[in-house]
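Next come the structures, one after another.
Both of the next two complexes hold chain A, though its partner changes from chain B to chain C.
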Partner chain A sequence: MSNVEYSDPRPARVGFDEWMELFDRVPDELIERYHYYGNGEAWSKYLFPPQTFAIYGMRHLRRLKFDNSLAALRMWGFVQNETERLFRARQTGRRVIATMGDLGAVPVIVNSFPHCVAFYPDCIWWTPFAMESRVLFDAAAELGVGDATCFSRAALGAFSKHSYFPNPDLVIASTGASCDDYSGVEQLVESLAPDMLWVEEPMRCDARPARPLEQLLVKEYERVVERMEKLTGHSITEDELREGVRRANRVRKLVARLRELSFRDAALAALEMMVVEFGSLHYYSDMDEWTAALEHLLATAEGRAARSERVLPEDALRVVWVTPPADPLFLTYVEDAGARVVGTEYVINQALEMMDESKPPLAAIAESFMAASLIGTSKARAQSVIQQARRYEAEGVIISGILGGSHCAMEGRLIADYVKAELDLPVLEFDVTSPSREVSRQIGTRIDAFLEVLRSRR
Partner chain B sequence: MELIPRATFEQIRQERVEEIAAERQKGAKVVGYFCIYAPVEMVRAAGAIPVRLMRGGHAAEEAGERYLRADACSFCSACMGNFGIDPAYKQVDAVLAVNTCDMMRRLPESIGKHFGIPVFQLYMPRTSEPLPHRVAEFRRQLGLLAGDLGKLTGVSVPDERLESEIAAFNGLRAMLRQTSDTRRANAPLLAGSTMLDLAATAWLLGPVKAVSLIEEVLRMIAARPRPETKRVRLMLGGSMLTEDDRWLLDLVEEQADIVTDILCTGTRWFAEDVPTEGAPLDRLARFYFGRDCMCRRPNRALYECATKLAREFRAEALVYKTLLYCDPYAFEVKRLQQALGLPVLHLDTDYSTENREQMRTRVEAFLETL
Partner chain C sequence: MKDLLTPRERFGLLVIDEPQDRVPVFPLITAHAARTAGISVRDYYTDGAAMARSQLVAQESYGIDFISFFSEVGLVAEALGSQFDYPEDDLPLLARPRWASIPDLGHDPNSPAESGHVPRLADPLRDGRLRVYLDAVAYAYEARGDTVPILAYVPAPFTTAQQLVDQEAFLLGLLTEPERVKGLLAYATRSIVRFCRAIVGAGGLPILVDPLASGSVISAEHYREFALPSEAEVIRFLHRYDLDVVLHICGDTRATIGMMAETGADLLSIDRIEMADVVAGAGQACRIIGNYDTSAILLADPPTVEAAVAEMVVAGRKCPRGFVAATGCEVPVETPPENVRAFVRAARQAGRNLDYGRRRN
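Entry: the complex of A and B
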């Protein structure tokens, strides 16, 4: 889309107050332009200043640093608006489907059905950090899930609170070769959900062909289709599913290009890129508008790359980030300390793989899912880190974990060992702490010391 | 007085480990496994010796922390440590691992990396509804396992041998059930801790030798007079209880009777038999797929099992012991309490010994309330 009415300032990461000033410069007609669900009515506008969302409880926004482009502002408005959007979906007659655990595959099917919206309760894990509040963790604790586990337990709290998303028409819970914390959360959600379909996620054995497991997945996805048909009364055609795959691929292609521009040219910072990557899971509950927001962002990033403009300094230390930090403040901290992220292994790579459009749709979805790092070995995951580190000449690797997170406890050291053995790169592993207003001093010092080591190796 | 002293079990186990070491010297292969989803019948049919790796222990846990983070479950850490400590673990030529919980799924990678032991990873669908495509995939996995075992031992897994192992293990399960069932009576003579020792020893001995030991225990039960005092009847549950957790059972049984359990190291191993109709691998696939565990989704079969056992054995309360960071079991405490409608004592701890007196206080206080 064209930015003729508004020109972005020189790329920079800006704080909350500065962003407010920038918002004041955005012409009203641009603010009026952006709506979700392709709806032109006032209720579907989403381009609000960050203050709006901070007032609604997202206190952490006051501490993060954001990209200063209009495209980023639009993206943040869209993303922050998701809770409202989901309730609007219900009000406007759409079916709201909670997809849990598979991180990227099932929404491709759900979104192929007319008037259906998929969302991930999993992504609520950021909410306690964004709100600087333990409310959702406390609610999960009341249902039996205490502190010594993954922050994804916030999803259980959200189900019990009934105010973060509407009661879904259907919960599609994937489990299998997945993390235990979330599988346990899914099990407890079963008693809170009106209807639940369990979907198997196979375990990938790298030494054996994946084809039989893809066939198993296709059977599982056929069950999803069948249940969706029952729910909606709509008999879906192969063409509709194929169109669903094509639309998802469009998003994945945009994300791939944005990753390249960010990792190679520092066209965007890590915070925005994390939001971008996670958008491939469920498109923040509006695929078309998310695609448009990404196109806007890509145009901005391409323009910057063409003009050799960077959002972070050219001499910033290059690191690959493993496992998404539940607290986004860590990304801001690391960038403030002089580093930039040139590769990510956020355990959602199945949502970034292109699907083969020449194959039957469910087979194509299954094939791309089998690339998921969560269902394979730590060695395979480390290989992805190593490849990215090589490609973008990373100088170090940061692994952010979660105390009590089942895969973090088992994988962190293995990944570090593999990376050190193959690349001789320093690795920093730390656990994200509970929601708070700042990065804990101890971890901050460790990050500072780690970056000092990287600098000294230059 | 105990039917069989703990020391006797320990001696039997020690002798069996020495025997296994001697067999290994002659070329036998030892396959270590962790959980009730490992098809031991196949291991024996392939000519290997199955050894269940179920030791905990504080020293092993500490040793294991060299390889895993401190927030890995205590059993996984202890497993890693025991490969360098425990005589039975040192005999292992290959590990048969089944993806039950996430940590157990990932443990073999660390075992392979740090100890160079080959791992046969058996994928079993975690979703519990026995849909044909899921059971068929598990059946295919068993076929792959047969190939792996054959490569290890040089012996294929013929149907007739599999049939005889299925029959032998079904016989062992039936004997263990019969023994456990003696606890249905008031004032049972068989302690819960002895039952768990018996099961653990039976796995190590194998069906033939174990049956004679169990027959001896049954004779002893029949010969002894039953005490007249009535004590509180308890059910045990939670993460796997290893031989190194017996102190807890002893502590509980100072004042109460453990009459049943929902443990994978107890009743759940011998609760059912491999069905008799169909080809051996098909039957094993159906049998193992159908076993219940908190890790399965949905896990309502284990709830049904717990409710049935609590009712049939007239349990008055549940002692539920979980290992630190064992999410699949720890998450379920509240729900299980609601489902059973019984008082529950939840103990969440690792293998450290420092907190035993605190545990004693909690156990005693709980029993006082009953």
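Entry: the complex of A and C
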């Protein structure tokens, strides 16, 4: 495969302009090498630098810092062209299925069907921040969902525009013990997407046995299978579903290893790791290529760990991050200020948990989903934070809430209280505000002061 | 009627072969923007912030789908040493080309600059008015880059070369000194690639403009031998970034339209050529941008403009890869604003896609 000469520079986080310099060194043969959907067409290439996507409106890329490896460039290129990929999926005869709300489970089923691509419109919540734009929020507001709702309302704006993804063949919306703001968004999406299947998510509760809840979920997943069979005309076999679970587990295993290398050894920075973790939701609409991109990234990270090379300083302050920041610039900011992320509770635990391949596939998916952060208590989320903080000797916890996200308003303080009580660690809570070019002065000052406190405790 | 999509969303769909809510509308407003903003033309092309502000005003007040920076085709030649006069309220004029005759710059575009035989390449941050463009792109990108594509016209090597050498000597050289011409083109190409790279870094999408390679100026054979290879080289560079490249050649391109598609351009901006010829020659390979008569937009009355533009948009539907309603060349500086508004109104109305957003399963 490799007669092409390219070697990564020493690991570092680099800015927009530096990536352009690095891209000058990337041989054309490498750009030609990577294609999505296993397709040889020119449109399926994706090894392009941040400049490409900035020109098409992703203005925030100019302010972030990126890992300087070829594997990271590949990852970013792949992730950034997902909108085009979804349209190309439709153009090449694939079924495009929007899955909403459950963040990780239903795509395992959908992707088990041949020529089907699952994606989460939920992830559009990053787009207004990446573009530094209110366009999608304004579109959502015109449909009745304004600033008092979580940033996930951007998905509603995207549905109304038909330009961020093709009209889905089917929308599978999960609701129940889930984000209430997003359930509201899903209800409004129904008027824009006539073919919609609702899936009930049970609430996990210590007082209730898990088994009946898993059985409920299996029943729900059977409805998903039935609906997918009707849509595709394909009668799926248990072996195909098993293979779907196995492939999803492959991704989850890669992600688990990357988390360990990054949290323990600083092999990758927080921004790349957030992208990696969220890749377990729907594999950025091409499971095989995403898996290959992760393997590339893992090889890079393993190599760094073996050579004791780190992308962030060894003495960086260690923090656990709770709730994904809708604005990725916060991760860059915190790392620039001398910290690194050694644990995350991004509300997607269900997409990271391994599935038991010895069980019937739908039962395995259901069992894994029961670990979801979304459907449990704040205390359970706090326990996950505490566990990671202990494991990687975190010195503090950062909880980034979502302005307008109602569960964040309730949960942040509770999680903070649990963490303080159990670990005696400082906790910083703040809300990510609307899309902006920079971290607001006020929040920036609070982050700086928080990190100063951590430093003083050493 | 309020648009559903932003210009950027619309353009994004066009370049991935998806239908849009309506045809993108792009009267090629360049220095005319100075009039819209009430500043002198000289201020427009010598001050990046002024250039950007003018374009922002024009884009918003006319409701067009692109911001496009351009003053004149000598931009890169000036950065390479040609001298231009700057009239108070008109575009720069070539006062003295860098060379009176075609210099011998060698044949290998990659070696001579270092060997001392070839003058240095243009520095986009320092030479001529290249920086003006970069400042304008950066300003407009920060102001409206989320919603509107920011384009910057870059004179192609063939056109640039004609601004570096006495024009008569250059055209004669196509016949008598073809290798020297190619050496000069290679030299110009390297500077143009540098400039394109800087535009990309600033957030702009370069448009390659080669008016002096038009069929109104040179033969099809000369286009193939001289202009096409250097256009293709710049386009190859831009494709490294996966950018959708527009090649604009105004004038008569009937004899070269097929070759224009061979450059690898993704969109062709055309002028004096029938739509049927465009579709036959390049329609399967490229999206088409064109081609309302710029004399008409200057001189006709609004109802005439409106009727002709509507007719053009209907003809443009025959372009299989998509169509942008544009003028064939720059909107003249003195064009009455009501004519531009008539153009935009007609293109929006005739170009509306009533099926947009409907399921296509």
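Criterion: the second predicted complex is superposed on the first by the 453 of 458 C-alpha atoms of A that agree within 3 Å, B and C clash if a C-alpha of one lies under 4 Å from a C-alpha of the other, contacts with A are read in each partner's own complex, and residues count from 1 in each chain.
Following the convention adopted for this analysis, contacts are C-beta pairs under 8 Å (C-beta built on N, C-alpha and C of every residue); 3 or more make two chains touch, one makes a residue touch a chain.
The structure displayed is predicted, hence computed values, not measured ones.
*Asks:* Evaluate whether chain B and chain C can sit on chain A together after superposition, giving fit or clash.
*Replies:* Superposition result for chain B and chain C: fit.
*Asks:* Looking at A:143 after the superposition, I want to know if it touches chain B, chain C, both of them or none. Which is it: first, second, both, neither?
*Replies:* A:143 contacts chain B only, not chain C.
*Asks:* In this superposed model, does chain C or chain B come into contact with more residues of chain A?
*Replies:* Of chain B and chain C, the partner in contact with more residues of chain A is B.
*Asks:* Name the contact category of A:314: first (chain B only), second (chain C only), both, or neither.
*Replies:* neither
*Asks:* With the two complexes superposed on chain A, say which partner A:87 touches: chain B (first), chain C (second), both, or neither.
*Replies:* A:87: touches chain C, not chain B.
*Asks:* Taking the superposition as given, does A:161 touch the first partner, chain B, the second, chain C, both, or neither?
*Replies:* A:161: touches chain C, not chain B.
*Asks:* First (chain B), second (chain C), both or neither: which does A:414 touch?
*Replies:* First partner only.
*Asks:* Between chain B (first) and chain C (second), which does A:135 come into contact with in this model arrangement: first, second, both, or neither?
*Replies:* second
*Asks:* Check whether A:62 is in contact with chain B, with chain C, with both or with neither, and answer first, second, both or neither.
*Replies:* The answer is second: A:62 touches chain C but not chain B.
*Asks:* For A:54, decide between first (touching chain B), second (touching chain C), both and neither.
*Replies:* second
*Asks:* Once you lay one complex on the other using chain A, what is the shortest C-alpha distance from chain B to chain C, in Å?
*Replies:* Least C-alpha distance: 19 Å.
*Asks:* Do any residues of chain A touch both chain B and chain C, and if so, which are they?
*Replies:* The answer is that chain A has no such residue.
*Asks:* Tell me, which parts of chain A touch chain B in their complex?
*Replies:* 143-146, 148-149, 173, 175-181, 183-188, 190-191, 198-203, 205, 208, 212-213, 215-216, 219-220, 223, 377-379, 401, 403-414, 417
*Asks:* Give every residue of chain C touching chain A within the complex, in rising order.
*Replies:* Residue list for chain C touching chain A: 4-6, 8-10, 12-13, 16-18, 141-142, 145-147, 149-150, 197, 200-201, 203-205, 240-243, 356-361.
*Asks:* What residues on chain B touch chain A, complex-wise?
*Replies:* Checking each residue of chain B against chain A gives 67-69, 71-73, 76, 99, 101-103, 105-107, 109-110, 113, 121, 123, 125-127, 129, 131, 133-134, 137, 140, 144, 295, 297-299, 324-325, 327-328, 330-335.
*Asks:* Residue numbers of chain A touching chain C in their complex, please.
*Replies:* 17, 20, 23, 28, 31, 43, 45, 48-49, 51-52, 54-57, 59, 62, 81, 83-84, 87-88, 90-91, 131-133, 135, 160-164, 166-167, 169, 194, 437
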